[in-house]
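One structure follows; several queries about it will come next.
Labels A, B, C, D, E and F are assigned to the chains in the order they are written; within every chain, residues are numbered from 1.
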Amino acid sequence: MSIVADFNAYREKMNGKILAQGNTNLKRFWALDASTYSEGALPVKVKEMLGLVSSMVLRCDDCIRYHLGKCHEQQVTTEELFEVFAIANLVGGSIVIPHTRRALEYWEELQTLE
Amino acid sequence: MSIVADFNAYREKMNGKILAQGNTNLKRFWALDASTYSEGALPVKVKEMLGLVSSMVLRCDDCIRYHLGKCHEQQVTTEELFEVFAIANLVGGSIVIPHTRRALEYWEELQTLE
Amino acid sequence: MSIVADFNAYREKMNGKILAQGNTNLKRFWALDASTYSEGALPVKVKEMLGLVSSMVLRCDDCIRYHLGKCHEQQVTTEELFEVFAIANLVGGSIVIPHTRRALEYWEELQTLE
Amino acid sequence: MSIVADFNAYREKMNGKILAQGNTNLKRFWALDASTYSEGALPVKVKEMLGLVSSMVLRCDDCIRYHLGKCHEQQVTTEELFEVFAIANLVGGSIVIPHTRRALEYWEELQTLE
Amino acid sequence: MSIVADFNAYREKMNGKILAQGNTNLKRFWALDASTYSEGALPVKVKEMLGLVSSMVLRCDDCIRYHLGKCHEQQVTTEELFEVFAIANLVGGSIVIPHTRRALEYWEELQTLE
Amino acid sequence: MSIVADFNAYREKMNGKILAQGNTNLKRFWALDASTYSEGALPVKVKEMLGLVSSMVLRCDDCIRYHLGKCHEQQVTTEELFEVFAIANLVGGSIVIPHTRRALEYWEELQTLE
């Protein structure tokens, strides 16, 4: 199994269990997590890059993977992606470097799935 | 081996090595880590939920596992647990979501060990 | 003007402006911020202490002030409060100390407003 | 004096002193801080919003002010700004709320300087 | 009053109140905060620079001030200090820049108190 | 394969790919990451301990591994290392404990490679 498929499968399985438990506030929070990235004054593509850079500076690998998948759907180019990487490294510092390595590995696999 | 047993075994092995090295300040710090959660004006159960929510917003998976084990011993219910999850997600943001997934997986395994 | 009154006045004024702007997702997020702390399987008092300890380890002075106000309404005692402080200092480290100083100052003023 | 003018004056004065001291690595780092936001595959406007959202989730008020100034120069609209705020609040959690209040106050002053 | 004197006066006053309240775990934690920086295999001067760089990357202005005072007592030179600043900026990213500005301002005042 | 060899191999492979992509700002940032730790007013050994403690309080396992390797090259003793660990635990709190366990495991393997 690939890292993309592994990530998606685990995410889907556990999200299902969490939502099934029925905590209203948690469900509302997760619903917001979807609606906040929808088309608005800013296009989805920009919003997904905003989600990606935030996830990088906060150093959450799974969040990075999620937004990389979305950026890929939105046809962010590799050149654009590296400009997001550069900002994330600058703002968040050298501790972002290991996450950048794993992000690129995931991105490369996303390309092969096209 | 299970994720609970793996976590406990590694934790115990490495803690033993660290304490054996004999740095007094580090040993005192670790002793404090035990005594701070003991019964006081607040019951142990509440203190362990405080430890759990702190570990979640700071996104430390091993700390989360440790406090989940303690919450389980203190008979925190799954419904109560999800209210802690909801606060952690709200305060710490969507970057807490991946840790919530792994926390639930660990919690489910704790239930099966009863 | 006191630090409690200053905090509340500024918070109210700016919250009003933010909500008036009408971004739906932001408004929903803020609504969640209220409902997540309401009575549930866990009592409000415990939830507010969970909010407080999270705010302390994440070192957000204004969030600490907000939850101190709520803890005071919920009749958290000073002895209980210090047990929350002790957990926050232990989990979050010595960088929490300056926030503990400011938290106590705010707490003392809350007592005088009774 | 206004908060915008205060911020800019202090920033300029201290930056001058830091650069005058002549630590090469620090100077290179600060030079990078400028070049990373220049026009590339992504337009400056998008890069500045990326810088803003990163500063918000990392909760650095002065960084937020700096990027608000740049976003204002790039003619980011208030509606777009609030979409950045919504993402920052969602990803970074309710601890971002106090920074959102201060960000709006600064933004309002920027409008009056037009 | 100066920023150095203000910081020290407030710190002393509030520390006194916190220790007077008598929470044993909190008092032990604070005692550790002193003993961990005492002479050992590493000299006090190196330990204080370790405390300073940690405070900078975690962006705690009051912690930075405290360790700047100690570094000054340990006769850290301004050239050495800037090498600590360079590492803190690199590791922690551009969000450390505003703290670097305030750190230099405090350091300059420390020099004038000699 | 060992954890040291695994870490180095993955790091080298991905760094190569990232640098090959040719984003100038990212390349400059990474160049800075090397030059900042070179001999200056402070010796390399002290700088590497500064890098290590920063990585520990920011809880970046891969950064910790990198600096442990460098500290080992600089002949930091185990006793000195534990004093760095003690400061990292104190400043960063108990959430640093799991990273301390993994750091010691890596350090032990570094010793066997001598």
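Rule of thumb we're sticking to: a residue touches a chain if its C-beta (ideal position, glycine included) is under 8 Å from a C-beta of that chain, and two chains touch if they have at least 3 such contacts.
Because the structure is predicted, anything quoted here is derived from the model rather than measured.
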Chain E and chain B - chains in contact with each: A, C, D, F
Identity of the chain that, by mean CA position, is farthest from chain B: D
Interface residue overlap between copies chain A and chain E, same or different (over half shared): same
Distance from chain E to chain D - Cα centre to Cα centre, in angstrom: 26
Averaged-CA centre spacing for the pair chain C and chain A, given as whole angstrom: 30
Sequence positions of chain D contacting 2 or more other chains: 25, 29, 32-33, 36, 55, 57-58, 63, 79, 83, 86, 89-92, 94-95
In the complex, chain A residues that touch chain B: 10-11, 14-15, 17-18, 21, 23, 25-26, 29-30, 33, 55, 58, 60-63
Complex contact set, residues of chain D against chain F: 24-25, 28-29, 32, 35-36
Residue numbers on chain A that touch chain D, as the complex places them: 32-33, 36-37, 40-42, 46-47, 49-51, 53-55, 57-58, 63, 77, 79-80, 83-84, 86-88, 90-92
Chain C to chain F touching residues, read off their complex: 57, 89-96
Chain D-facing residues of chain E, complex: 59, 78-79, 82-83, 85-86, 89-90, 94-95, 97-98, 100-102, 104-105, 108
